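Common to both upcoming complexes is chain A, partnered first by chain B, then by chain C.
For the complex of A and B:
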């Protein structure tokens, strides 16, 4: 774990040494504020002291920015040929994966924390209920982590960043829409509850209401764990090859 | 043929992944059943279904189908969205706690005509809303009704207004409760109104005009069983759950005894009383109504002072009356509406309804005619171990008076009254209270009054052995309202009385009294409105700045000037909103960019310093004298 943390720190510094972190933060913050205030049913039009609009668009914002972050994580290493060097280090594949994951997660978490000024603004205008804000941030962090885990796994399969981006986007689109009403309406009756349980957004919505349900947390943890494991397995497999 | 290590590894890996996936899926399925622990972080515990509701849906024997006839969320106006979400969330809770027996489906009635017909057949009513979008005003019909089906029976909540959302759990649970119940509650009306003519095939005999609560009886019959009781000779039948006494007049000893004993055995009582009448035929001159049972009410800690509530103009109902108006040089008489101070109008915003009682918490408005106050007598209640809560009250800018003889809506009467009242400090008066607990009998230690004749012409009633008097009752509730007109046909009207706001109040009171005590625990809570109060305050401040604060002298202003000032204040408010929007849209991203630039500059400087140091070391090295001797 200590080695993962060292790796994570190095990766995180690399984010801030290059324009990646700034572009990520600026795009995310600007888009979230834009949708919060300027969409048709924006904050002032609804006229309620709530952050729900923000948390409604959060899954979709993350859906576009997280693949942009994860696409290069392995593809870049493979293209530059540094992956082989990394794999010769005396660290287990899972530690490398965890290190990269933690660094990317720290960036996503920072982005979410930067939404707090928005929450304070809302609280200054009306009686904001902080429960759903805490729930939404926690849910956002778990959702972001799930996107990251999946995106990193996809990135480990290819050396082309564009391919990694598109595959991640398509895969995540599947995971956020598989439990939506139009899909469920057409799915065989027996399969519907399973599909609904697989939907990342359904679990996020449940938490973002301000309700922490162990089942939702458990789902996210297994989802993240599974894809991180696959990622490590893919690395180990390449080491063998 | 043996497999190569590579293919062995690949097969192994695939197998491991498949196994892991299977375990995780199974673990999640198990978790869905076992890890049912949750923490509701919301302020009012909005997402925690009340214990009573959970028990109810958890114990269903058959499948309950809840069909939400809702216009999709992205098609409803913005102010409907929170209500929409809240109801959807709540239905989801019912489903989650239903243990597989509760099915929730959403149907958009606007989408297909079949669904629309069905919705309308089930009593779901669309309501028109005016939408302002992109400077265009349009009318839109919104559906937000719920139909619940259980064992071939249906219950419908025709429409849910955003203001009613706080108590939607109460509405749904009561509806489900009545679907599941073996029998409907029985509500008896104690009144001396003439009987309704018997139903005969082919004949539709008109209801006698003196039967002024018939409309209410009919509308209530949709949800409960309604019957009439006469109490001069008999006691209230044992299977009656609620006794309604609309406008009791000269209650006799035996009737009082029957009411007392009904309450003693746990029956719930609703009294709608008036202490005076103001007949139109007598120019609205006050006519005392002898109640005959004030002593019984006082025994139970309820006082009905002989006074009249006078409301401020803002909280009064409007009365039509001829008015003299000047147009040009001429003077004409036209029908106009004036605020009539003797018709208090209770509103949700005006805090006329108690928010703590499920019967009143969700009501938006109701109007009452010539109301007298109803108060609790704290010492009596304490002595009897009873508790009380107020349900309805007049506004803080209201008075009570015992001096009014005529309530004619002419300027002279109203003006004189106003002059009289401004000298006194206004204060809200309660005019409906609920008392709960185990009531003491008024007849304890007394003889039971003998049965009487219904009409003087009746022959003497047979003497029966007096039943033993119940002296201490079981837990029950008594509600007394200081107005009986609000539920009368002449106020409700005969068209769609069930949708009248006044009827809703009465129906809620009856429901609240008739239902299982554990349902009463469902207080309306949750999704309280969270208006942007700082914004409204700012609007007031801007209006003050442009000179139109409340109470200011606006006599010199024309209507156009006034409008222009309003617009000016709105413009300032809009500018404030824009400031907030752009600060967030540009401010934070700009801060991030600045941080990035700063970091890059610092790093560049650090790098330069490092390179310089390196270059310096290299230079000093090159200037050093060449080592001597031993050159290769």
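For the complex of A and C:
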């Protein structure tokens, strides 16, 4: 685990040594604020001290920015050949995967925390129910982490960052829409509960209501663990090429 | 220190290695030669745990590459082909990272860093980004990274490729110094380099080891016959010299101002020069030139790696 932290620190340093981290933060905050205040059903029109709209757009905002973050995680290492260095250091594949994941997650968590001032501002305008805010941030962190785990795995399959980005986006769109009403309405009856349980957004909505159900938590942790495991397995498998 | 047994590796239909076996003892500096695509890099990637062989196995410092990859990786300093590095990192940050990931505690890292920075002469570029460095410096950063944990074994894949002649001399000197205490396997295309830095040569061709020995023994062991060029001033030299022990054939090359030029085919293990000299002196001739042509490592390499 200590090795993972060393790797995570290097990865974070790479984020902040290049413009990636800053662009990520600025784009995320600008877009989230824009949609929050000026969307058709935006904050000013609703006329209530609530962050509900913010957390409604959060899954979709993350959907577009997280793949931009994960696309380079492995693809860039493979392109530059540094993957060979990494894999010949005395570290287990899973430690490397965990390190990269932790670094990317730290950036996502930081971004979510930076949206807190928005909540304080809303709270200054009227009585804000903090339960959904805390729930929304926690849910956002879990959702973001799930996107990251999936995106990283996809990145490990290609050396082209654009390919990684697009495949991640398509895959994530699948995972946030598989349990949506239009899909469920057309799905075979026996399959519907299963599809709904697989949907990343369903669980987010539950947590963002301010109610933390252990089953939702368990779902996210399983999803994350599964793709991190696949990622490590892909690394090990690639040695057999 | 390194024991390789029956390594076989295919990339799809392409055969990279076909039953490669060799052993390298402690403290040996071994040059790994072969044309591009012969299997040098693949062998090194298997030894460093980056690739799995299809068949066969390898042991490094007593640990199996397949079963104890982490123990093996701790014993090895590896410089991959074309020296991949994190271009956006500063040299000092990068080396500190490499030390930390190798498990050198923060307290010992400073000392380890100072040692390799001195050995690789990196003092002037520590605050620069790796991506800004010249090819020579990048190569030295790669070497420094491989030396940080003071490994007993170094595996260097073309450590001098892409360098200018001055840089090559520097890196070669560094490798020669390291070779006094470490076991080194290095691959190269540059044959004179092998003669200077390596005490032993392995030549690989189409995934098989085709030669193994010291540079001199490989060159000499090519055939049991070598060529001796002789120029003497004296009449009838060709007839007399064909009777000298060890001389198998005499081919006159021409006469000029009373100097007779001859090409002698002689047994490579016989001291023919002395006998020729004595024969000439006994008849009052003057020996103007006597030169034995030995097969060079280049000849050996070309002969072993061009025939199918």
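Note that in this section the second predicted complex is superposed on the first by the 239 of 241 C-alpha atoms of A that agree within 3 Å, B and C clash if a C-alpha of one lies under 4 Å from a C-alpha of the other, contacts with A are read in each partner's own complex, and residues count from 1 in each chain.
Operating definition for what follows: contacts are C-beta pairs under 8 Å (C-beta built on N, C-alpha and C of every residue); 3 or more make two chains touch, one makes a residue touch a chain.
Please read all numbers here as calculations on a predicted model, not as lab measurements.
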* Asked: Is A:114 touching the first partner chain B, the second partner chain C, both, or neither of them?
  -> first
* Asked: Is A:219 contacted by the first partner chain B, the second partner chain C, both or neither?
  -> first
* Asked: Between chain B (first) and chain C (second), which, if any, makes contact with A:210: first, second, both or neither?
  -> first
* Which superposed partner A:135 touches (first chain B, second chain C, both, neither) -> first
* Mind working out whether A:17 is in touch with chain B, chain C, both or neither, as first, second, both or neither? => both
* Could you tell me which stretches of chain A are touched by chain B in one complex and by chain C in the other? => 17, 240-241
* In the complex, go through chain C and note every residue touching chain A. => 11, 45, 48-52, 70, 73-74, 76, 78, 80, 82, 84-89, 93, 97-98, 100-103, 145
* Asked: Which residues of chain A touch chain B in their complex?
  -> 16-17, 19, 21-22, 25-26, 29-30, 33-34, 36-38, 40-41, 44-50, 52, 114, 117-118, 121, 124-132, 134-135, 181, 197, 209-215, 218-219, 222, 225-226, 229-230, 233, 237, 240-241
* Enumerate the contact residues on chain B facing chain A in the complex. => 5-6, 9-10, 13, 16-17, 20-21, 24, 27-29, 31-32, 35-44, 46-47, 78-79, 81-82, 85, 89, 106, 133, 529-535, 577, 580-581, 584-586, 588-589, 592-593, 595-596, 599, 603
* **For the chain A and chain C complex, residues of the former touching the latter** => 2-3, 6-7, 9-10, 13-14, 17-18, 80-85, 87-92, 239-241
